[in-house]
Each structure stands twice: as C-alpha cells, then as structure tokens.
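Structure below; questions to follow.
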C-alpha cells in the first residue's frame, strides 16, 4: 500500500520536476516547485509509515512551512523586486 | 578553578568571550582596550602553557570531560605551544599598533565590529592550532576565514571587496577540500581524533580512501597557506586590507595553515607515508622552489610596497615548504624556525609600511624619495626588518636561512641550497631598491613637499620597535628559537604518543 | 545490491564536480555562490552516505529498534550546514557591496575595470 | 485605486496572521523537544527566524522592525554566544573542564540535562538573531 | 523500496544540477538551488539523518533561498552569456572527480555495517550504546552535538555569530550609502532614504 503510494508520488514528482526544469516562464517553475514541495511532504509522511517510524512527521511540517515561505519570498521578489517592501499597504492591515 | 590546569581552555575562551562583549559594548576605545587586554591575557596563558609543556611534556585536555576519541581534546605539545605563543604575541603587538591606523581608516561606527572580528580571527587561529580533533580544525578554520574575509573587506579601497570575495571563493574551495579529506579519513579510520587517527592509519594505509584524503588535505591546505600555484588570492588580499590586518595576517594566517600541514604530513600520516609512499616531494618541492624563485622575481617588479611584501610572503612560504620537503629533523627545524622568524619580520615590515601609509596615504615605491629625513624611525625600522628578510647575519632571517641551507646540504640537495641563495639575491634587489630610494634619492625639485609630514605617532612606533627588538634578540641569540624549533620538530616527527 | 553499492558515491562525486565547475567556470558572482551551495550540499551527502547502515533506523533511541545508523556524521554535517550558510551569507553581502561599488557582478568585467584602474 | 491597493494581499495577510503563532509554538516545541525527537537549538532558531521573516515578507520590513528592533537583535546575537560560552565558563569555575556539564548538578546525568538545555538555548538565541538580522540586511533595499 | 527512493531522488538531483548549469536566468538558478536542497534533505531522511534533513530543509532551501533573493534584488538578474568553455576548469574538475571516484572504489559499500566508521568502539558504538546512560537523552544526535562534541557546536555558534557581524559590517541592518555617517540604526523612528529607486539598481 505504502509502496504503491510512494511510487505514485515519485512519478508525480518527476512530472513536476520536468515542468520546473523546462518551464518556459518563471511562473511555471514556481508552480512546479511549489507542488514538488508538497509532494515531498507527502513522500516524507508516507516514508515514515513505510519504515514504521511515523514520529518524524515533524519534519514534514517544516517542509510545508519552508515551502510556503519560500514560495511567498520568490513571488514577492518577482513582483516587487524587494523582499522587505510594504508598498502595497499604507495603513491598517 | 585551578588556573594552571585550565590554561589550554583559557587560550580559546578568552578571545571568544571578548568578541560578543565587543558587540555589546560598542564603544570604540573600550573595545580596543578590551581586545588588547584579552590578547595580553591570552598571550600570558599561552606563555604559561608553553612553560608547562616544556617542563612536563604533552598536555591533553578533555573538553566536556569526555576522554579523547569520544570527545574533543586539546592536544598541546612543543609544536603547537610555540605556535600559540607566536599567534597571540603578534595579535597583541599589532593590536597595540592598530589603534591609530584603525581610527584613521575605518568608519567610527564600525570600530567595535572590527575589534570583534579581530578577536574572532584570533580565536579561530588559536583554535586551529590547539585542537587535537580533525573536524574541529575545519570548524575553527571557518571561524578564522570568515572573520578574515570581513577584516579584509574593511579596506578603504573598493578593491578590498573583490580581493575579499576572491579569497572567499578560494578559501571556501580549500575548506571544502579539507572537509572532503577529513571525511575520507573518517571513512577509513572511523575516528576524528588526530592521535587516534595516527594510530589507525598504518592499518588503513592500503585503502585508497587514505590516499584520496591525503591528496585533498594537501590541496586544501596548500590553498590556505598560499603555496605557489594556489597563491592567487594572497596578493590582493594583503594589498587592499587595512594595514593592521595585513600585518596580523602576514604573521599568523598562512603560518597556522602551514602548521596544520606539518601536523597532517608528519604526525598523522607519518613521514614514511607522506614522503616515502606518496612521494609528496615530487609535487611539493617544485612548487616550493618555483614559489621562492618566481615570486621573488615578481616582487622586484612591484611598485607598491604592500604588494611587493605580499609576493615576498609567498616566496617565504616557499622556503618553509621546501624545508618541510627535506623531511629530516634538520629540515623541519629550519622550516619551523622560519615560520617564527618570518612571522615576526613580515609583521614588522608591514607595520613600518603602515606607518608610511598613515602619513603619506600611499605606499608607491617611487614616491618615497628621501623619506629618512621626515620619518627616520619608520625608515630605520623598515631597514632593520628588511635586512632580516634578506637574511643578513645577526638578524633572524640569517638564522633560519643558515639552518635551511645547512639542512639542504646535509641531505645532499645542493641545488636547493643554491636556489635559496639565488632567491635571497632577489630579496636584496627588491628590498635594496626601496632602501636606496628612501635613503639617498633626492626629492625631485618640481614636486611640492608633502604638507604636514612628520613621524608616525608614538603608539605605532613603540609596538613596532618592540617587535623589532624581539627580532634582533632572536637574531643575536638564535639558539633559543632553534632549540625550541628542534624540540617541536622532534615532537612532530615522533608522532603521537 | 553490490552493483549499486557504490552508485551513491559516484553520483555524489558527479554532483560535487558539477558544483565545483559552476564555481570555477562561471563569471557571474552569484552563480559562483550557487555553485558553492551545490558543492557543499554534495559534500554533506557524502558524509551522510558513510553513516548509513542497512536495516538501520534514525539514531533516536526507541524500544524495538536494534540497529541504528551512525550518528556522528549527522552531527558533523549539522555543523557543516551552518558553516555553509554562514559562508553564503558573507559572500552574498560582499556581492551586494561589489555591485554597489562597481555596478557589475561579472568577474571578467570586474577584472577589466580593475585593470583599467591600475593603468591610469 | 487606493482601495484596490490596500485590499491586495488580504488573503495572505490573514493566513499569515493565523500561521505565525503556530510557527512560534512549533519552534518552541522543536527547541525543547530536541532531546527526544529531531530538532534542537539550531533548527528552532531557524524556525523562530522564519516566523519573523514571514511577517516581514507579508507586512513589510518596517512593521517587523518595530517588533524586533535592530539593536535588540544585536544584543541577542551576542547574548546567545555568551550563554553558550558562559555555561562552559561556569563549569570551569566549578573546577571541571570546559563544557563538562556534569559539574552543574550533583548527579552527572542531571548536570548533562541542565547543560544541554542551557547550551541549546544559547544556540537558539544566536541563530534566531543572526538569521533575522541577515534577512533585515538583505531585504531592506528601499528603506 | 528504500533503495529505489534513494536512486530516484539522486537522479532528480542530477537533473536539477544540469538545470542549474544550463539555465542562464539567475532567479531560476536560485529557485533550483532551493529545490536541490529540498530533494537532498529528502534523501537525508531516507538515509536516517532526520536532524540533518530538518536543518537542510530549513536552512538550505529556506534561509539561503531568501538570502539569495535578497542579494538578487540588489543586483542584476541576468547572467551574461559568457564563461562557458573553460578548458582549465573542466580539466581540474575532471581530475578531481576522477581522484574521488578512484578513492571510492574500495570504500565500504553503501549501508555496510562493518566499515571502520561503524565499528569504532569509542565513537559510533559508544554513542549508540552508552549515550542514553550517560546523558539520558534518546536522541543520540542531540547528545553528541551538545555534549560529546559540544565544543564543535560552540564553534558553530561562533561561526554563525561571525557571519552575523560580517553582514552587519558589510551591509548594516539598514542599507545606506557607505559615505553616510549618520548614527547607526536608531530603533523606532527609521530614517527614510529619499525614495530614489535609481540609487541601488542603476
């Protein structure tokens, strides 16, 4: 069960990787990499159960978090060319 | 707390403590005072340690209370006790000297960062020297390297930045190679402790992993100690760093890497393996000879004093490596004694150049006409240490070159001895020309005399002359350093107990 | 299994060399640092490979697992990762300063600017 | 136009506001659970820092900087090293070797616990401060 | 299964590195480097190095990507089409790689339990069998990191600190031109530089 699952995940990872490498525009890459990260999170979770030590799910959490932050950073960089800007919000939030 | 017992730890802990304190204090003069005080205490600890080692032999200090191969230990014998002494002494002297020149060349708001980086660099260099653990060498190497990049980037010319960056690239490749080497050694022996490793290598010698580890460590350390084909980073880094930093680095950084090289070749791999089986001579000796011949020649054609001295440094590293290649007790003694002597002379030379820089604002050889009339003390200091660099009798340079040539003769390497003499001739040329200009060439008529020219401030002259005093002392009474160097050589050749 | 026993090492070597190549051959300074990242990560990989034991599990002791992988390479690499990111940060800061001073981050342009400066 | 600009990243802002406390909580968990599971001071420090980085990315550096001021960061940076080194110095003062945590309590095992706790705290503080300050330095292009 | 995952992920790594070499756009390079770290961290998990994977994911693909993006925002994003055919570099790399391959030929195979590194009685074996009794921690990596090799970790913290002050001195916590002598970062009220975009991206 877990084995089939991980093989399926590896295949989808391969597909997104292809898009990440070939992707004509930068958005293709960003999207591909974001979903690649998600697949990695899943793979780690599955692998934890596969080897019988599911207590390492913490790491999957970190991956998810880093993936989120990384994607936001790349997008913000792409849009504003400056990571620290707050140009889009002048007053309350 | 029993101070005598804690000396090995104090040598590291004191400067390491001073760095964050500097960041907390943030007051320029106070940070300087703290750094000087710390350097003094470190020097005293190193001195105490040196005496202990001399009296009782090897000291092993188990950090964290975990006995050697399990934990990390400080392993202090004659070889590194004397290196500790050299590094902490040069740091102390140059720091005393640095106050004025830093005040002039570094933005005031960053003084505390400068001194913090200095302390970190000192920590790193001392940490590399004192440790008995191979991986720990890498960690402290990175502390010293990162702080060096930062110190070099303090230089006022924008080229300091590119110099620092190129050094960073080379240094990172070197450090990564060292990391790979240590990894292969770990794979082959299963241990990281140097003494334990030395004991296990004879059994693992047949493995290719050891061979690869040896090659990678050699290349990595050659980069770090600027041996000929891999010396590219050094000239710019020395030229564009603030002069106090150059003086400090010239006396310590490459020397510590050379010490690590010694440690790995002679104590860990063993003379037999390094020179008998791996034929290290075939690679290293030509590199060393090219170093001291070619780069002495290059030095002749440099019009900037700092750059000239930088190339001369590479040449001197060549002497030291050539001495190691002899792989005899005599040769090793010559190499070690030259590490000390060159450390002292080159630091003194850079300090005197710094005095000129402080007053003139530049160090072009051709504009130093008749400098003796305005800055007599600086010029005399330059001349004395320049003579030491050439190797005139009664200077430290003579002691080490004499020993080196003697060792080469003893081994029957006449050619090496002759080439050393030839390269000394080149040194006569490049130092001699500068001296000639400073003493005899008249000020050109249509050039206005520099306004406000006077001798460098006392706070720079006094430390410089203290260092020159030391160099004269060891030049006249060369037997002291020679006997220490011989003991160190014996320890290194004898391997770990 | 034995055919694949060294596959790991070879791939790691290839990755390392690719990183080193980017570092040496590319003129763009940021690209050099990207190469450094690849190079260092591959070295970490080399170390971790050495620590792995077949049938072992992560070195967090628990009931019912008799065999663990070697924890020492993990510790060393934790330190090395930190060193790596420290180096990267310093390098990038230098690059930003270089760009501000020279208005370029291409190695060959920097060289020609410096050469012109030296001649004048 | 102004209205549009203000509303632009509302979803991200709300989501981030919700996430940040959990990230901090998770960082604390990693910091103090490092003895039993994966993690420790370094990882926790990075997670702490990433919470602030996330805040900076979404709400702009100005606001983040009013929470965690640069001078505070500088103090924290040094403080972490001092905590770590201080632990070592205390063990030296107690007559043991550098970083021998057994000195910290009568029972060596308890001493180890205290020592590792203190040391990990030091690591966490320095790493958080340095990572956030690196972000400040590299993100303040237009400030 | 384990082996399969390892091999597939390794192949991904190779593909990513080829991408990094080929692509000229620096932003793509940075993103791919982050991805490289993420995949490498995945492999570390398969190789039982959970702590390392944790750190590599957080640092390699989190922090350093952000640092790279920050640096990119100050500089140009395009790599100029040069620096491709360096024979010397290629030769150097090939020799080094060949040496490494040569060295690994008689290495203990992947996963071997009888290599010197696994059987050293005072290191690997000591840590796995005695650390729980000596430090009372189930996570051997933490106990080795903080206690047995606590000194290395001290060095590591100092390295981080060094990087912190190095970047502080190079860039400052608030960017401004180097000749600007104003007192350093006053907290609270932040001196706003004139809104001049040309200042940094000329």
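A, B, C, D and E label the chains in the order they appear, each numbered from 1.
Just so we're on the same page, a residue touches a chain if its C-beta (ideal position, glycine included) is under 8 Å from a C-beta of that chain, and two chains touch if they have at least 3 such contacts.
Just so you know, these numbers come straight off a predicted model, no measurement behind them.
The busiest chain interface, judged by C-beta pairs in contact, is C-E. Chain centres here are Cα averages; for subunit C and subunit E they lie 6 Å apart. Taking the mean of the C-alpha atoms as each chain's centre, subunit D and subunit E sit 19 Å apart. One simple way to say how far apart two chains are is to compare their mean CA positions; for subunit A and subunit B this gives 47 Å. As a whole-number value, the distance joining the C-alpha centres of subunit C and subunit D reads 24 Å. For subunit D, the set of residues touching two or more other chains reads 36-39, 42-43, 47, 50, 53, 62, 74, 77-78, 81, 85, 88, 98-99, 101, 127, 134-143. Looking at subunit C, residues 16, 20, 50, 57-58, 60, 62, 72-73, 76, 78-79, 82-83, 86-87, 89-90, 92-97 sit in touch with two or more other chains. Contacts with at least two other chains are made by residues 18, 50-51, 53-55, 58-59, 62-63, 66-67, 69-74, 100, 104-105, 107, 115, 117-118, 123-124, 127, 138-139, 141, 145, 147, 149-156, 158-163, 165-168, 170-171, 178, 200 of subunit E. Pairwise chain contacts present here: A-C, A-D, A-E, B-C, B-D, B-E, C-D, C-E, D-E [touch as defined].
The touching residues of subunit C, counted against subunit D in their complex, run 58, 60, 78, 82, 89, 92-93, 96.
By the touch rule above, subunit A contacts subunit E in their complex via residues 3, 6-7, 10, 13-14, 17, 20-21, 26, 29-30, 33, 36-37, 40, 43-44, 47, 50-51, 56, 58-59, 62-63, 66-67, 69-70, 73-74, 77-78, 81-83.
Taken in their complex, subunit B has these residues touching subunit E: 16, 19-20, 23, 63-64, 66, 69-72, 107, 109-110, 113-114, 116-117, 120, 123, 127, 133, 135-136, 139-140, 142-143, 146-147, 149-150, 153-154, 180, 184, 186-192, 196, 200, 204, 207-209, 211-213, 215-216. Remark: subunit E residues 1-2, 4-5, 8, 12, 15-16, 18-19, 25, 27-28, 31-32, 34-35, 38-39, 41-42, 45-46, 50, 53-54, 57-58, 61-62, 65-66, 69-70, 72-73, 201 touch subunit A in the complex.
Against subunit C, the residues of subunit A that register as touching in their complex are 51, 53, 55-56.
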